[in-house]
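The structures come next, written out as structure tokens.
What follows is chain A paired twice: with chain B in the first complex and chain C in the second.
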Partner chain A sequence: MARWKKRRRLPIARIVLLTLYMIFLFAPLYWVAITSIKPSEDYLAIPPVWFPKEPTLGHFTAALITYHGLTGLINSVIISLSATALSALFGTMMAYSLARFNTGGQHLSFWVLSQRFLPPIAIVLPLFLNYRYFHLHDTRTGMILAYTMFTLPVTVWMMFAYFRQMPRSLEEAALVDGCTRWQAFRQVAVPLAAPGIVAAAVFAFISCWTEFFFAIILTSRHAFTLPTVFRSFLSFQGAQYGEASALAVVSLVPSILLGILVQQHLVRGLTLGAVRG
Partner chain B sequence: MANVKITGLHKSYAGGVHAVRGIDLDIPDKQFAVLVGPSGCGKSTLLRTIAGLEDADEGTIEIGGEVVNDVRPRDRDVAMVFQDYALYPHMTVARNIGFGLKARKFAKSEIEERVQRAAEMLGITSLLDRLPRQLSGGQRQRVAIGRAVVRNPKLFLFDEPLSNLDAQLRDEMRGELKRLHQEIGTTMIYVTHDQIEAMTLADHIVLMRSGQVEQQGPPLDLFERPATKFVAGFLGSPQMTFLDGFLIRSSAGNQIRLADGVTVLPLPQGRKLEGAVDDMPVFLGLRPEHVTRSRGVSEDGLVQYEAKIELIQPTGSRSYATFSLGDQQVMAELQAHDVSQPGQQITIDINLGRASLFDARSERAI
Partner chain C sequence: MVEGAAAAPTLIRTAVDRWSQWSDRNFKWLLVAPAVVLILALSIYPLLFSLWVAFINYDFTVPGHAFVGLKNFQEVLADPVARGSFYVTVILTISDVAVEFVLGLALALAMVGNFRGRGLIMSVLIIPLFISPVVVGQFWALLLQRPFGPTNYLLGLILGHDVGIEWLTQAPWNFIALILADVWQWTPFMFVILLAGLTAIPPHIYEAAELDGVGPWRTFWFITVPYLAPMMLLAVTFRLLDAIRLFDTIFVMTGGGPGTSTYTVSYYLYTIGFAQFHLSQAIAGSWIFLVITAVVIFLLVRRLLRVEGV
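This part shows the complex of A and B:
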């Protein structure tokens, strides 16, 4: 009985805390969403305008067309998706090789991860100069290559952990059953690692989608990505809050869609197969 | 159908574990061979090397007269059942069973037919559309066996396939495996650490210890004539008891004097004692069935002893009674209701004609 009472009291505290946390999470999102449809005189009005009397979609057209947000969006989609696919493809193969064949001995796997300890500033200048030389500067190909390289360590590391906890006997059974190494990888290891691959790919995608530093240095007028467009909203005339908010809303959409689509896989993937069926 | 011949096999792992140290084996066609031994004795490594999942460092492996050291696992035409079943979790039972055939590019109709036949043989036709996670342990085991059987390979390899099942199911599956072997007659190599499994299943037991073969032969040969103290202690449950003593040789007859210096047990007349010298330290190995309620007849090799029972362990069909013989504990096998109270005094026959003797230094049988 005592246990019962204790349990019954908990939800109130839980609800209060969760509500506060939700406000903390969603208030900025609400503000961005609402600012994107506010007329400019309402941006900084006191008292704040919670919902505009005359909502407008003008900021969206301005952000997407006048400020070239649409080009940035298209570039971002192409670059992020391509880099994610390449990163997942090569990362999975590399991780499998590290996990199963102990490629590179004890140290290669850690060396791969250690690439991420390197401050981006350390490599961005040599990369910039090389890109100029090889005509990769301000191209989507260049950006895809850069982002693949930049997301690969984390993908490899996540998949490495995933493969290491996967029982070898499944692939061994496949080998004895009549598969080549490659078939065992393709038909047994990869389908079983799917949740991990999805999780790693989502991570890679989000890193690419929000990346700013490489983008601003390696692109200028053609291959610029969505995050770099935000630069143009700060100008001598002041900040274009409405346009910035509108573009922020646009850039949120893919992340939300992705989250909904792969939610189930993501949870399974992030627990590294602990809840395998 | 194939025999398996292994010559001078060595296998070490990175990290310096020398798992298999010079093994020679010759398993004839159609035999059910069991590799048995305590964990870490190299039996699984040996099996995996035969399957091709590990490379041999030295020595040769022949399957059906062909040296397969450099042949890929898929081309060795062997099937393996793993301890954790290793069913592909993302495939239905039917696809699991047919996977090997598909990988070998069999026609779809042929695959279906063979899967159906294997499923019928193992009584799992109703499970064909299920996923492995929807099956019980015993059913998974059957599917794993089905996956091996369906390919009709030259050789079956089993790596402790029953160790994850509960006791009752294990007994049942043991019987089924034996029946399966009688039906299809393919050579099987079976790894287990369970001596009862080894005794019941094998035509040929290979008892391993620290990467080497300790003794091999038909199960009853190993049981009745163990070559070493290790073999004697490993096979049989309850275990053989080993009594410390000395061998006394004299023209009047050979005797064992137990370590207490007082108790003397005469050995039967015809007992051969190879390489034994007078007063050498020995172990006298007695199984419970060598120590029974006295029938009151005196025979050569039968020693009668007044035993005061200290402990009784009934198993239902019979009871095991422990008593002291010259300061050392011995276990006797009695009828289930023979003795009910500890402290009871009964006459025991010790059958030294069936007992084993081991040199205490080399631990080899005398």
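This part shows the complex of A and C:
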């Protein structure tokens, strides 16, 4: 134990590696943060302007209003929150059933898991055709359904691992006391699993918030989400560096804050519950 | 009237009783139903539907839905751009995952143990995982592209002469730019999983090795690597399966260009379907892609999660 637990000074090699990596990590973050408040006149200055003398918030206004970033933001909030709620609800229910009753055996659980690894292109092209037929294309409802489906495998597997670690004695006691199975689930198991559900929900939210591929195919002018707004800056005709950076800042702040909030669950989230952090 | 009013509550009560008995008996199936129905409707049904589309003509440039047999598949397989996109995907995937693995392992080794500021560094290191890949692509485009990005200027300072690299349009720099963006975003993925694996190695093994006078290099190869192997396999497999879908950064950084030289499979199928409107051909292509991945999923993931014992 002593070897790992002792607080000690870091060897030089470690310090060098971590420092260099931090520079690599912060370089783009810094440049984007600075560009988002940099006046357009400073864009092409040589040497580059590392900190603008007269910072401006104009790019944020332009990105949100002129380039419809605000609409994307509102759509993203509504779609991500709704899909997260549905995914957490359905996912927790399914995970409980898998963990406690071994429903469908291994086939059902691995079938759900395999959805996580399917290439999205194989699903989204036919989904696009069906959405057009059922008038779900470019609607928030369509996006909410698609994102619920898309986040379910991770939610199910995270909660599956969580319920398997939870002792079942309390639920059994509740059943003996005359609770129905639903009551034992709703009033005993769910409150006990609340921390796990919150973590799974946050991961689902981040996946929806950052998703691009489904959004770009399943939406166009109405239900478009925040990441798809970056399409407007692709041509860089008018060199909208500031607007693109401002939008990047708007997009990354919420998800980074949420992510750091649940970081102790990160390993479980990334490995679908296979590895305990 | 009076009779009916008296009978109604009893009727309702028996109905409710029956329903609750029935739902209690089928409880486990009721719980899985919403999730399963959703996946069936939005994933399995479209897949089956697309299997039909792959064999007919479904093209916004050609009217009608005639049965065309294997024509769609043949067209994809004969398309040199398709083959090119396959090679680009393989090269980028292998480079991305290899660099991320080595860097992630180095970081994990550097973060083992307890030292001042570790918690803060940990929180900072994982930040890229929570950022949209489109935004990450945008980051690197802004940092690298001429004339706006400061990269060439900084390189010029270091090298002592002017540098004029076209990072997003000039091979091999555009590949390096794409790899940089991917490595920036996904190295923490490797790092987090490998660190969890490292912390799980029982410390007494290291103590025994130290007592026996085993050097650090041998300790690494004969203790750390074998103990970490299952975790390494898991991290690499998960990452591989995500890396082969590479789309977002291509879309933002190179747009597949110059020409079609940075098309990945996902990007190629997207352009075939949505820029050229050959939808049935794109779907045939995505089936070929799907079958290749399905083999990997079936063989590797299933076994992995069983080894881990969850």
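Convention: the second predicted complex is superposed on the first by the 222 of 277 C-alpha atoms of A that agree within 3 Å, B and C clash if a C-alpha of one lies under 4 Å from a C-alpha of the other, contacts with A are read in each partner's own complex, and residues count from 1 in each chain.
Criterion: a residue touches a chain if its C-beta (ideal position, glycine included) is under 8 Å from a C-beta of that chain, and two chains touch if they have at least 3 such contacts.
Nothing here was measured: the structure is a model prediction, and the numbers come from that model.
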Which of the two partners, first being chain B and second being chain C, lies in contact with A:Leu129: first, second, both, or neither?
second
Touching partner for A:Ala174 - first (chain B), second (chain C), both, neither
first
Per the contact definition in the header, classify A:Val188: touching chain B only (first), chain C only (second), both, or neither.
first
Item to complete: Based on the superposed arrangement, let me know which partner A:Trp209 touches: chain B (first), chain C (second), both, or neither?
Response: second
The answer to whether chain B or chain C touches more of chain A is C
*Between chain B (first) and chain C (second), which does A:Ile74 come into contact with in this model arrangement: first, second, both, or neither?*
neither
Report task. Mind working out whether A:Ile65 is in touch with chain B, chain C, both or neither, as first, second, both or neither? Result -> neither
Chain B and chain C footprints on chain A meet at residues 180, 276-277
Seen from chain A, its contact residues with chain B in the complex are 102, 167, 169-170, 172-180, 183, 187-188, 191-192, 276-277
Chain C residues touching chain A in their complex are 20, 23-24, 27-29, 31-32, 34-36, 38-39, 42-43, 45-47, 49-50, 53, 58, 103, 106-107, 110-116, 121-136, 138-140, 142-143, 147-150, 153, 184, 189, 192-193, 196-197, 199, 203, 206-207, 210, 231, 234, 238, 241, 244-245, 247-248, 251-252, 255, 265-266, 269-270, 273-274, 279, 282-283, 286-287, 289-290, 293-294, 297-298, 301-302, 304-305, 308, 310
Within their complex, chain A touches chain C through residues 1-10, 13-14, 17-18, 21-22, 24-25, 27-29, 31-32, 35, 43-44, 46-48, 89-91, 93-94, 96-98, 100-101, 103-104, 108, 110, 112-115, 117-123, 125-127, 129-130, 145-146, 148-149, 152, 156, 160-161, 164, 180-182, 185, 206, 209-213, 216-217, 226-227, 230, 233-234, 239, 241, 244-245, 248, 251-252, 255-256, 258-260, 263, 266-267, 270-277
Within the complex, chain A is touched by chain B residues 14, 51-53, 72-74, 76, 78-80, 82-84, 86, 88-90, 99-101, 103-104, 131, 133, 147, 151, 157
